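After this come two complexes, each holding chain A, first together with chain B and then together with chain C.
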Partner chain A sequence: MMKTFSIGGIHPSDKKISKDCNIEILPVPAKVYISMAQHLGAPATPIVKAGDSVKVGQVIAEPAGFISAYVHSSVSGTVKSVGPRKDLAGNFVTHVEIETEGDDWAEGIDCSDTLITEIPEDNKAILEKIKLNGVVGLGGATFPAHVKLSPPPGKKADCLILNGAECEPYLTSDYRIMLERSKEIVIGAAIMKQVLGGCPAVIGIEENKPEAIRVMSDAVAELQKTARGYDGISVMPLKKKYPQGGEKQLIDAVMKRQVKSMGLPIDVGAVVQNVATSLAVYEAVQKNMPLISNVLTVTGDCLPMDRQHNYKFRIGMPLSYIAEYAGGIPEDAAKIISGGPMMGKAIAELDASTVKGSSSLLYLTAAQTMRGTESACIRCGKCAEACPMGLEPFLLQKYARNGMMDELEENAVQDCIECGCCLYSCPAYIPLLDIIRIAKGDVIRIIRGRVQK
Partner chain B sequence: MTQTIIWTIAILTILGMVLAVVLYLVAEKFKVEEDPRIDDVEKVLPGANCGGCGQAGCRAFAQFCVESEDMDKCFCPVGGNDVMQQVAAVLGRTVAAKEPMVAVVRCNGTCENRPKTNEYGGYQSCRVKAALYSGDTGCSFGCLGCGDCVAACQFGAIEMDPETGLPVVDEEKCTACGACVKACPKNIIELRNKGRRNMRVYVSCVNRDKGAVARKACKAACIGCGKCAKVCAFDAITVENNIAYIDFTKCKLCKKCVAECPTGAIHAVNFPVVNKPAAPVAAKPVAVAEAKSVMNKVEKSNEPVKKEE
Partner chain C sequence: MDKLLVSPSPHLHAKTSTKSLMRDVVIALLPAVVVSVLFYGWSELLVLGVSVASCVLLEFLITKYLLKGTCTIGDWSAVITGVLLALNLPASTPWWVVFIGAVVAIGVAKMTFGGIGQNLFNPAIAGRVFLLISFPTYMTDWTKPSGFVGSALADGFTGATPLGIAKEGGVAAVEGLDYMDMLFCNIGGSAGELSAVALLIGFAYLLVRKVIRPYITVSIWVTVAVFSGIFWLIDPEVYTDPAFNLLTGGLLLGSIFMATDYVTSPMSNWGGVIFGVGIGVITMLIRYFGAYPEGVSFAILIMNSVVPLINKWCHTKKYGR
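Then we have the complex of A and B:
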């Protein structure tokens, strides 16, 4: 019996249409716009100004707080401007505009394909490298990786979980890197595990990706045979269920431990990192390569098979450039989503640029995005059954609509992970998540305000 | 038989008398002293329980009025000065009349002025929409048009104009309770002085982007050029964060700023028509000229007919 998380969850059709498309490398456009807010926490402070010439991998912005990250130039050329530009939600964010000239890399970066299996011993130096190279979690939340890898004093990691679940329908970027960069991912896992004090590492992959499970297992076996420091790494096939890739759900599936309300994974001895983050850690530590590129899926039902792609992009490329390069926007696409169809965001500004955490350009048709007309709750309880956090969305939405903050807190609205299972399962088309998300923000603000007092 | 009845009556009578004494004693012991004036004040209040006064409801406000030393702190926006005069009369105090206020929508981003850049297909709520993204137009400060303010108004004083997509305040019905001000996630609605004979001058824009960016997103945006502040003789206009603001306590309704504004972002409402400059006056002669030319045509076309006769 394969493992999975214990409560709730849904089974949307996985639609991994682009799973057999190799990762292609996108050519560098004439101009890139690098956002200063590519990570969770305070936006980075730019340290370049218009007229400066920069090389690929050069630091262009420094972290502006403890939870913040370095940002590097993804191209070589001249800085044209530093100023506000719209992100994909249409909000103004400081961007550094760079005009590309050639492809001149900064010194000390190893661009070769040679695999380095020897893991450096100095953990402090490793963490410093991860921090300086701007590595952030690439699973969606873009939380700075070095912060997650330094547990607070008194807390110890019992297990490092590598998230290869990729439970969102359509997305195949993690799948492709697991097939094509399997060894690098395992080395990255070994590095992180060493930093965390030698705890075991588990790579969780859903059963709908048998090829990835096989390739990753082979990579682990081979590295364990040929090099030192790879003991205790294993691949764990997981039953397919959404949202398996949620941090708390994955910990439940792999370790059978539950993170308490408002708690952190480290409280139960778990550290979860995405497989793409592991790859970024490998490149940062072994190759001294900053996080300036990632893999993105261009997909959708309305795209023919030959126009489905997995691209390796450099950060700062405008989304419109990628869409254009991939053959333009299909005519019947009504909505373009960045991220998966469950938790991704509709793009309001196609001229917005890619960020470290960009994972897809997903074209949905009008029929797929249409919302049904809202009707009254019929008390079927489907939303409560589907909620992976064990909440009662029908109740929460009632409280939220009436502004009953105390009741919302008692019923743990702050634990909502915004996975969208309730909205997906509701036969009355009640906008459960839309309403609960707002209430969650309000309640968390109240709780924080109370702590500060 | 008669004895049973007599006994029953006797026992019940005694029981009743004993319980009456107990109830009397309990009532005396636990008596709550409440100022009778609270009831009197509550009777005068409108009973909307809207919370516009800052209290939990009309009863709470009545209590607040009775307990409060300073009548200036108490004001019922729904009842206005009339009700406050009555409250003062009940309490045997005097109260200074306050300027009546009205909710003002500070956005003129009509469909024409502010073209849509994308289509919003989500849940129709301004708060939800604002949490998701900047909105379906180029302006990230303007009205989102989902009508949270309409839902918040207990007096039916706000309605969405289907043509412009903006909310319209009915000045007669608006009580300035401030519910819409709190409901608007973009802080567009402001409570402003009703003004002499309802005349008001205000900046109908809250866009804090730089001039060029704001202008590109909306034809009627305030670009923060500061021309209005220069022309104002009463220091009523301040320009901060690329947006002009007219202080209604200083504004003397001279309307110099209205003529000066290059984008028409400053609105003057309810001014008598005779004072209105250029546009409407110019419109009339055109209409008359048109009418005349039409009449001429009719006369001319009639001429040949007459000749035939």
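Then we have the complex of A and C:
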């Protein structure tokens, strides 16, 4: 019996249309706009000004707090401006505008394809490299990787889980890197596992990606045969179910442990990193390559097969540039999403630039994405059955609409992971998550305020 | 494309709707409907027609003119109530009695509480029980099946249901009754009790389409089987056996289609089990010790009233708590 998480979950259609498209490298545009808010936590502080010339991989912004990250230039050229620009949701964020000239890389970065399997011994130096190269989690939350890899005193990691679930429909970027960069990912896992004190590492991949399971298993086996430091790494096939890639769900699936409410994975001895993050760790540690590029899927049912793509992009490329390069926006696309269709964000500003965590340009038609008219709750309980946190969305939305904060907290609205399973399942088209998301924010603010007192 | 559509996630939907779920229930009821029409003929068609038409019409009139709100007949729930009410009545029920049943089902049990999603009691059962208490003569006039296809009903079983016979004459009176007859449409009773196989096909369809979960139905079956099994083992001369109890008296119709009504059953799986056990126990208490030969309708109604309490105490297992 294949493993999966124990509570709730849904089975939306895969739609991995672009899974057989090789990763192509996007040419560098004339201008890039690099956001200072590409990670969870405080936006980085720019250290360049207009007129400065920069090289590829040069630091252009420093972390502005403990939970923050370095930002590097993804191109070489001249800084044109440092100022506010709209992100994809339409909010103003400080961006560094760089006009591209040539492709001149900063000193000390190894751009070759040579695989370096030998892992450095100094864990402190490794963590420093991960931090200086601006590595953040690429599974969605963009949490600074070095923070996650430094468990607080008294806590110990029992297992490093590599997230290769890619449970969101349509997305294929993780799948492609697992096929094309399998060894690098395994080396990244070995590095992180060493930093965490040598705990076992498990690469969780859903069964709908048998190729990836095979290729990753082969990579692990080969590295174990030829190099040192790769023992205790294994691939675990998981039963397909959304949201398997949710951190808490993946810990439940792989370790049979559940993180307490408002707790952190490390409390139960788990550290979860995405496979793309593992690749970024490899590049940062073994090649001294900062996180200036990532892989993104351009897909959608309204795109013909030959216009489906997986692109390696440099951060700061405008989304509109990528859309144009990929052949323009299809006629019948009504909504463009950055990220998966379940948790991704609808793009309001197509001129916004890509960030470290960008994973897709997904085109949905009106028929696919329009919600039906809301009608009365028929108490079918499908939302509660679907909720992977075991919450009762029908109840939470009722409390939320009536402003009943105590009841919301008692019924654990703060545990909601915003996966969207409830709204996806609701036959009455009640905007469950829309309502619960707002209530969750309010309740968490109340809880935090209480702690500070 | 001139404008980008922007909305919060999720951006996809399962595309099941109240309407599609309710339509699936109607489809699941079709085998039972077809069997009842085949065996009871024109009179059953009339009961079905009057019941469905009046349920839908009443809901239309009430939502449009009394409540002046959105009309909800498009969601098929009134059709289900109509079909279920008809299947719960003898085929010989006069049309005006059926209509009164529909008035109670839709007008009283459903719409006074606020329409779909709000009603405490299952409308079809409320209608049926009202008729059973108000018009006992019509409601216990069990014609033996004689419809479009022939029937080989055993002699001596006309005019009463197996449970009724057992109540009157004890276990010995139903000894000649074959379980195969019960499985395949050869017993007297409400139109919907005719064929266990037709009802089970509907149950399978509902499960496959994931319209309902099996907890409520199965816990009713298990409770009835265990309860009657214990009594039957103690004294098979006095108490009817488990298979007899499972196959007669609308137990299948009630446990598959009416106890599982979303609105009037608990939302959690454990709540469903408690609900089902309660229905099973009350049904058997009525059958063995009560005045009525069968008790599924009463049992469901009684347990309907406990659902808010069950919902209050039975919550889903939360992650990490």
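For the reader, a short list of remarks on this structure follows.
Going forward, the second predicted complex is superposed on the first by the 453 of 453 C-alpha atoms of A that agree within 3 Å, B and C clash if a C-alpha of one lies under 4 Å from a C-alpha of the other, contacts with A are read in each partner's own complex, and residues count from 1 in each chain.
Here, contacts are C-beta pairs under 8 Å (C-beta built on N, C-alpha and C of every residue); 3 or more make two chains touch, one makes a residue touch a chain.
Keep in mind the model is a prediction, meaning the values are calculated, not measured.
Of the two partner chains, neither chain B nor chain C is touched by A:A253. Shared-chain residue A:C21: touches no atom of chain B or chain C.
Residue contacts after overlaying the shared chain place A:I435 against chain B, while chain C stays out of touching range.
Within the superposed three-chain model, A:I98 lies out of touch with both chain B and chain C [touch as defined at top]. Within the superposed three-chain model, A:V443 lies out of touch with both chain B and chain C [touch as defined at top].
Of the two partner chains, neither chain B nor chain C is touched by A:L296. Once the two structures are overlaid, the count of chain A residues touched is higher for C than for its counterpart among chain B and chain C. Of the two partner chains placed around the shared chain by superposition, neither chain B nor chain C is touched by A:V355.
Contacts of chain A with chain B, set against its contacts with chain C after fitting on chain A, overlap at residues 335, 345-346, 348, 369, 371, 434, 437. Within the complex formed with chain A, the residues of chain C that make contact are 1, 4-14, 16-18, 20-21, 70, 72, 75, 77, 115-118, 213, 262-263, 267-268, 315-321. Interface of chain B with chain A (complex): residues 117-118, 121-123, 125, 127-128, 131-136, 140, 209. Here chain A touches chain B in the complex through residues 86, 89-92, 335, 345-346, 348-349, 369-371, 431, 434-435, 437-438, 441, going by the rule given at the top.
Residues 7, 10, 12, 169, 248, 252, 258-261, 263, 329, 331, 333-337, 341-348, 350, 364, 366, 368-369, 371-372, 375-381, 384-385, 387-392, 394, 411-412, 415, 418-421, 423-425, 427-429, 433-434, 437 of chain A are the ones touching chain C in the complex.
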